[in-house]
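Next come two complexes, and both contain chain A; in the first it sits with chain B, in the second with chain C.
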Partner chain A sequence: MRRVSSAELLSALVLLLPLLAVPWAFKPYTANVLAVYMIYGLLAMSLGLIWGGAGIMSFGQTAFFGIGAYAYGAIGLNLINRTQQTHTALLGGLAAAALLAAIVGYFMFYGRISDVYASIITMALTLVLFAFAVSTGGDEWVIGVARLGGFNGMFGQGESSQNIANFQIPPVTLWLPGMTEPFAFKINRESAAGYYLVLGVSVAVYVLTRALVRSRLGRVAVAIRENEPRVASLGYDTRFYKFALFTIAGAIAGLAGMLFAAWGRFVNPDRFGLAFAASTVVYVQLGGRASLLGGFVGAAIIGHLTSYLAEVVPFATIPPDAGPWITFLMEAGRRIVREAPLLVQGAVLVGVVLVLKDGVTPPLFRVLARHRRWGWWLLLPAVLVYFGHRVACQQANLCVF
Partner chain B sequence: MSLDTAVIMVLEILNSITILVLLALGLALIFGMMRIVNLAQGEFFTVGAFTVLASTRYAHLPLWLGMLLAPLVVAGLGIAIERTIIRRLYGRPLDVMLATWGVSLLLIGLITVTFGAVTQGIPFALGNFSVGRYQYPEYRIVMTTVAAGLMLSVYLLFRYTAFGRRARATIANPDMASAAGINTPRMFMLTFGLGAGLAGAAGAIMAPIVGVVPTMGVLYIARAFITVVVGGPIVLLGTLSSASALGLIEALISRFPLFTIATAGHCTPPPCEISIGGSAFFGQIALLIFAILLLRLLPQGISGFWRQRQ
Partner chain C sequence: MPEPILEVSGLTKQFGGLRAVHLDLTIDAGELRCLIGPNGAGKSTFFRILSGGMRPDAGTVRFRGRDITGWDAFRVARLGMSIKFQVPSVLEELSVFENLHVAAEFRFGNRGGRRRAAEMLEVIGLTERADHPATWLSHGEKQWLEVGMASVGEPTLVLLDEPTAGMTVEEVKKTVRLLRRLNETATVIVVEHDMNFIRMIARRVTVMHQGEVFAEGSMEEIERNEGVRDIYLGKGAHYAVRR
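Then we have the complex of A and B:
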């Protein structure tokens, strides 16, 4: 166990160091995509915390993500033009997600319902929130100046002739005492501050969560996962430990949701949808729930795979003189690519359960732990690629990523 | 409240209960007897509805024949999934849940690839009958009759036939049943197939009154699971009692607005207000909240509470 954890630390650093230099070597587009993978990774980590830590399978971790995003958006839209910063929105989003998790957790764990029922209730919660968010399309659904907007997602109210950017959810904006003007974290040609914000929050939450797992709370949670009646008979109030861990995980999911709303400056009911809930479980399942890094690895693999599938298979127009079989095959290929995310997620869920029970990170860690000496040399190809790409970008305008 | 309003109200509550029973019956069988959380149940429902669609629209069969075909097709699909996937995962409840969720996503994807992501209707030729000032669809009465018939047949099947006895023995004690010469893997397979077939039947029966779309199962799966969980360990009576309690709440809240909240939007025409209650959506919210409260009080579900009292 000890060896695997230090291999995890090594893997974390091997993952982190290349990420630090991404905005230096690549286009803002790449930083943008990596930021959203990290946000999904944070969400997956919150699920991994309660699933791997306490054995509670929450299908509805996205409910807290979505609530965090909507609360941040609503408060941010209302206050950004008055106070020029989003401190209140950040606190409000976090509080909303933690509060929802605490209420649901109270009813689930203090009601002593079994683990299977807990999964079903969290799933039902997400689906009901989806139905709610979709049904808020009318003009009457507003919070101050923020329109919930139904399927169209959240926007501020205002004159349609003004710049659209004024009605979008604000990016994370700080205006601390001593600063002459507010600072907005964005990802574009001029600034990678938004990227570093997401990276910094991910690292900080990862470190804190790792400490939490090793604290008394985390160790009791693992004991509950292994044998709950025995822990209870030793005098621990297992309900409280599950409740506390669930609430913390809900708050982390809400934090990820706020970062998401600030990243895309947008949130819509899809965050409560089944596909998103499924993808979160798939990230953790594929990455492995024995380690907190699993969620990040899974998010990166699946995110890359689905976007790769969507890009690589040609969407060419079918030539009019093509034979019926060619037409049929091309049409079928198109339809399959359109549904690729669902099909990939479904296949991964079934495949991992049947074949690769612990996900991909434990085997990776074992390899790293065995060859710890040359683990650092893994960074060498990354350094070469980064330098090569930056030079090619600047000298010959040959940017790919 | 005048008499005809009261009659319509009773009919609508009956309809809510019918829908919950139809959705939950197959699931209760699989969950209650095999302790398997089958998240693909919603897609079995969808496949049932699409079987009706395909057989009436593309094969030009009469509607009733399509509806008879649907449970058979879905039962076959269920048996195939049990044999290839679920059989390897008995004793790992969480993994079964994940694998069946994967199957569910794959089925949604495959149905969308085949039929497209559009909502399609199935025409049928039943009219309305009148209750005082109101009109009420005859088909809903047919649905209630079919749901009652299905429940009764399941009861008779498990209570009085040789198959039912063997299945109950397998569920109660698989090792002992196996020692007594019962082919237990076959019993699990058939029970799962039966549960799947019941979901297919529900999909076929409800296909004409709801839009047939690949994601339709998702809309119902949550309600079905809540009904089963609130019902508790006694399969048929538990399902019926929780469907009655939840259906009553759902129908009442969907029908009557509770109160309104004024908001600051720009509505045409003003005033801007949100009405809490009085729509199908608030009925579902009330159902969920009521179910969570009920589970806080009765963690074993309604029928588990009876069992404790005895």
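Then we have the complex of A and C:
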């Protein structure tokens, strides 16, 4: 177990180096997309923490993600024009998500509801929030200048100007003492600050969560996953451990939600939806819940796959000399992929679960742990060469791979 | 005059029409008490009630002078009672060391827990298997590990439910040594079927039958008791033994 963990730490470092270089090596668009994978990865990690760590499958981890996003949006929209920063919004979003998780967790675990029902309860929670968020389209659903906006999502509306001016959820904006002007973490052609913010937060949360997993809380949680009555008979109040871990996981999901709202400057009820909740479970299952990195890996694989399929395959040109069968198959393939990224997710999930029931990371780490003598000396230069090539070719506008 | 550490009075547990447990029992501090009886005598149910895994329908349990009837398992454990379940229930995917560490950490913290866990590994003779997942252990080794987990927190009272089930003669001997050692610091109640094992360790034996205390005394007295032979071997069997 310890071996796998040190392999995990090393692979986390190897992943981190190229990630730092992404804004130079690729188009801003790539950094933008990677940031959202990392945000989903953070959400998936929070699910992995509670699912892999304590054996509690929270199907509706998205509830905390969505609450974090909405709370950040509502507070941020109201305060950004007055205070020029989003400190309060960040704290408020985090507090809202943690509080919701604490309340739900309290009733679930101190009410002695069995862990199987935990997934049903959290799923119901996210669906209730979805139904609520959808029904907030009317003019009466306003928090200050923030309109909840129902299906259309949240936006702000200027209150004093004669023409109603709509504005978006602000990006994460800091104005700390000593700074002459506020700094906004935007992601666009000019700035990759938002990307680095997401990367920095992901790394920090990963490191903290890793320490948490190795603390007493994490160790006891794993023991509870293995055999709860046994752990209780050793003197541990298992309800408290589950409650604490669930609340922390909820707060991490809320943090991811805030980053999401700040990244897209937008949030709508889909973040509470069933499809998103299911995707999160798929990320964790695909990446593997034995490791905290599993969620990130799963999110990256699925995200890349669906966006690749959605971008590339529908526009693949059908050769003019193709026979009718080939034309038909290609056309059908294009439509299926275009219409149903979830279908692709499902197929990938079924495939992975059949072949590797613990996801893709454990065998990966086993290989790295076994060949750590030379594995790293092979992997690291390969990654560096690839990224060196990307940076160089980006300047010359001539990229082969 | 030894103090009673455990006083059970009028303890009743009903499963539908079946009265599984109905008994009064007193255990003195420092005792090594054996609890025997045929299958279905209520021994395991009794243990589950004691350790907080099940609520009784009536009666009280007093442990170290406090009424612990209906307490949660973790509170009972915090008061110094630990249990080894009938079915070995170690934490399968954790290593042998981690199993003991989790058990010891509650009382001694992380560092102290590590030291105690390492010491306990020596005592139960599993030092070489410290890094193996518990699921790799043999049945007998799992039993020792669980005895270790039950005793590493330095409890005042240890309940052991069939600690030698499925063991070879040599393994049983080792278990006896473990129990003697454990009894130096803690009161121990053992439920067991294996009469040889009982003979090796027993000072005082309580026979349970249909949920009640049927007989109590030294091993010799119990072995001489014809009623006990009746319930254990079936009526008529003691004639064969006598001849």
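Worth pointing out:
Heads up, the rule we're going with is that the second predicted complex is superposed on the first by the 337 of 401 C-alpha atoms of A that agree within 3 Å, B and C clash if a C-alpha of one lies under 4 Å from a C-alpha of the other, contacts with A are read in each partner's own complex, and residues count from 1 in each chain.
Throughout what follows, a residue touches a chain if its C-beta (ideal position, glycine included) is under 8 Å from a C-beta of that chain, and two chains touch if they have at least 3 such contacts.
Please read all numbers here as calculations on a predicted model, not as lab measurements.
When both complexes are overlaid on chain A, the residue A:V383 reaches neither chain B nor chain C.
Within the superposed three-chain model, A:L343 lies in touch with chain B and out of touch with chain C [touch as defined at top].
After overlaying the two complexes on the shared chain, residue contacts for A:A232 are found with chain C alone; chain B is out of touch. Residue contacts after overlaying the shared chain place A:S135 against chain B, while chain C stays out of touching range. Judged by the touch definition given at the top, the superposed model places A:R216 against chain C, while chain B stays out of reach.
With both structures placed on the common chain, the touch criterion links A:Y110 to chain B but leaves chain C unconnected. Of the two partners, chain B and chain C, it is B that touches more residues of chain A. By the touch criterion defined above, A:V281 reaches chain B but does not reach chain C. According to the touch criterion, chain A has no shared surface contacted by chain B in one complex and chain C in the other. Remark: chain B residues 37, 85, 88-89, 93-95, 97-99, 101-110, 112-113, 116, 215, 218-219, 221-222, 225-226, 229, 263-268, 272-274, 279, 281, 284-285, 288, 291-293, 295-297, 299 touch chain A in the complex. Touching chain A in their complex are the following residues of chain C: 51-53, 72-74, 77-78, 82-83, 85, 89-95, 98, 101-103, 105-107, 110, 149, 153.
Taken together, the chain A residues at the contact with chain C in this complex read 1, 216, 219-220, 222-223, 226-227, 229-238. Against chain B, in their complex, chain A makes its touches with residues 57, 59, 104, 107, 110-113, 115-117, 119-121, 123-125, 127-128, 131-132, 135, 138-142, 144-145, 147, 157, 274-275, 278, 281, 285, 332, 335-336, 338-339, 342-343, 345-354, 357.
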